[in-house]
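Following this line, the structures themselves.
Consider the two complexes below, in which chain A is the common component and chain B and chain C are the respective partners.
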Partner chain A sequence: MIRGFAITWAHRDQMLDGLINTVWLSLSAAALAFALGCALAAALMSRARPMAISARYLVDTMRCVPFLLFAYLVYYGLPSFGIRFTSWMAGLVALTLYNAAYMAELLRAAWTALPRELIEAGHAFGFAGFSLFRRIVLPPVILAAIPMIGNQLIQIIKDSAFLTIITVPELTHQASSIQATYFVPFAAFVTAVLLYWGLCMVVEAAVAGVGRMAEARR
Partner chain B sequence: MNDVVAGRGAEPVVLELRSVSKSFGTLQVLSDISLQVARGETLCIVGPSGSGKSTLLRCINWLEKPDSGAVFLNGRRVGMNPGGHVAMSEKELGQIRTRIGMVFQHFALWPHLTVLQNVMEAPLHVQKRLRAEVRETAEALLHKVGLADKRDVFPAQLSGGQKQRVGIARALAVRPDLLLFDEPTSALDPELVGEVIVVMRELARDGMTMVIVTHEMGFARDAATRMVFIDRGQIVETGSPAQFFTAPATDRARQFLQRYAIANATTMEAVAS
Partner chain C sequence: MSLLDFLAILQGAGATVGLSLSGIALGVPLGLALALARWGRVPIVAPIVATYVSVMRATPAVTLALLIFFALPNAGIEMDPVPTAILTLTLNTAAFNCEIWRAALLDFPRDQFDASVAFGMGSRLRFLRIILPQIARGCLPALVNEMSLLIKASPAVAVLGIVDATRAAVRVGAETYRPLPPLLVALVIYAIIVAVFIVAQRSFERNRSAAAASPAPLAATA
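Our next item is the complex of A and B:
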């Protein structure tokens, strides 16, 4: 047992590399998924029926595909159509697209719960189209959705662990490779779990901080 | 026909409604409403709840689209392009709506913006006026409504009366040709009604053109230049406040005023104190 942790500690560079990859992947995917989710939420709420219906199909389909399978499809499936990514990029694309659907759905929920009068006031004062969305609708929607966005961020971090199967050198992948070489499964995986836990704690704290800021603006 | 012509022939007509009708499903909310408002008028619309007052107000800036009839602001058709067959785009409609300020029953301030930002938002981003000028205007307006010290506070931290005064400042900031008030004091605690009424009185005195849906009979009695009484989606009676409140011409108006007599007395006290 002690030996296991000693070996894991000896390979701390490798674990750290994995952690950095996990953080990078998760944060970039979260930012991209959020941006894409905003656009998708707008499409879901659109009064143009074809737009709303296509967005609805897209979001529902994405939410019904197991993430593992989706990651396989992006990495191993897309090359048949001539689209080839490095494993890291494939991981980012899969994480982003998959979570954009969830982001869209939670933003839509916050949007639906927004007092109608706020948006009406936007109309009454002459806001229309993109400026109405960008200046009047989106900010309060995001403020209301912050706790749920934080939840999704944690989901993204955990989903990123699946990317080991498409050989992305993230935290789970590194832990797995250390345990496979030296056969120290307990130590390597517990270390990884603790690092994930720490990461999620940091996210929780950040979301709570932003949430307090949002509280005044609700 | 409910043709109501403005009393002051000398002033130009700011707002005109021609035979506006509106139904929600099978319920006829407005039928054949015609109305003119001249510059500088304070028109108070009163009537029982559910009579169509708010819908009428909302038809003016096309928040509700009338089923038939036409609305003109300064002679320009609202909501429809010339000819009356093609609906305006949201953008075109926005350019007309920005000439109209609106004050909402539940304030409808934008919660993510500070008081000052709320007031500056439409002038900056719809009217594209210069920031320095807009800021100066907004600060002057907040001063006018007595909230200069609250400029950097978010709406959630204000009382109802303060929120509504910000709502009025926001509506004035677009330099409107017309101000619409949709029951501006109905959502307020009785002791907060007075502070909003004071601001509205001042606007009436300044000659702002206003259409006000209200239950504040005390205010209507001495600030309105003309009263419109609506019941069941129709204009039943119109006239000067003096005539309307002392000698209403119709039974329906008389009954309505009687029901208000007690509430009215209490409000007068609240405003006076």
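Our next item is the complex of A and C:
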């Protein structure tokens, strides 16, 4: 077992590559999914019925599908329409679109809990449409949704492990390749698990920190 | 896509449902046991459970499946893919179920607890007759939610070579050179499976609120 960890340590650059890929993929997917989720949440809350209903169908469908199946749809299905991605890009696109639906749903939940007076006051001050959304609705919604966004980020990190199956060189993939070359399954995968654990700890600490900051601003 | 291909995906869906149900059947009680260990502050066990939950919450199902499948034979335990898959899903969902059960246990009203002590109930009877029925009902929505998350995590067992709904769809796509139709069929199948869970939970809740609305038999004797 010690030998296994020594071999994994000797190939730490490979593990580190995987970790960086996982972090980079997850963070960019989270940022993009968040932006897209804001737009989708606005569509869900829209008073234009057809828009709200089609957004609802989109979000509900996404929430029924396993991430791996969706990643396959992007990686194998989209080329049927002439859209081709490298595995890395396919992974990023799949992570982004998939999680945008979840982000939209949790932003919508925070939005429905928003007191009516706040929006009415915004109207009274002459805010309407996009400026109302950006200046009055979005800030308190985001502050209220921070813990859930943090949970979703952890979910994104975990989902990114599925991308090993479409050969994205993320953390699990690198651990797999070290184990396949040197047959050190325990050390390689335990190292990967501990790195995932560390990542989630960092996310949780960051969420707590941002939450405190938001509390202080209120 | 022929009828045979469709049946192949359906067979994969059978594997998905079977593995997920096994994971649920083992993971829900295991989660309860873990939650009780933490709730009762069992020495040594409670901190281990806390660490286990924290690590599991962060571990992707794919990584866990690979770890179990490749590392256990090293420790002299040979396991076939199917038991490995069930073990993976169980260990994964048990951690989340533990947190659900624990939240309900921590929320349990103190006065009811004290009342059952005053009636001279032993801890076993108290748990089975007073605590469990109430927290089980309260936990149901969260447990069902976790079940649907488990179903969505279940394609992870594909790395063990098990042909579940997702893998079956990809195979059909690879054989027919038209990947889109089988993947969309699989998508519909997953939507149906998740919907069945949600509908079952809703009808259970409706029955419960109907039962709560009817007058309690005790009131008549007063």
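Quick note on the criterion: the second predicted complex is superposed on the first by the 215 of 218 C-alpha atoms of A that agree within 3 Å, B and C clash if a C-alpha of one lies under 4 Å from a C-alpha of the other, contacts with A are read in each partner's own complex, and residues count from 1 in each chain.
Definition applied: a contact is a pair of C-beta atoms (placed from the backbone, for glycine too) under 8 Å apart; a residue touches a chain by one contact, two chains touch by 3 or more.
Quick caveat: nothing in here was measured; it's all calculated off a predicted structure.
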First (chain B), second (chain C), both or neither touched by A:Ile136: first
First, second, both or neither for A:Ala192, with chain B first and chain C second: second
Contacts of A:Ala121 with chain B and chain C, given as first, second, both or neither: first
First (chain B), second (chain C), both or neither touched by A:Tyr76: second
Touched partner set for A:Arg217, first chain B, second chain C, both or neither: first
Broader residue contact with chain A after superposition on the shared chain, chain B or chain C: C
Residues of chain C defined as touching chain A within the complex: 54-55, 57-64, 66-67, 70-71, 74-75, 151-156, 158-159, 165-166, 169-170, 173, 178-180, 183-184, 186-187, 190-191, 194-195
Complex interface listing, chain A residues touching chain B: 115, 117-118, 120-129, 131-132, 135-136, 139-140, 143, 216-218
Touch list for chain A against partner chain C, complex: 61, 64-69, 72-73, 76-77, 80, 154, 157-162, 164-165, 171-172, 175-176, 179, 185-186, 189-190, 192-193, 196-197, 199-201
Touching residues on chain B, where the partner in the complex is chain A: 61, 63, 89-91, 93-98, 100-102, 104, 106-113, 121-122, 125-127, 154, 156-157, 170, 174
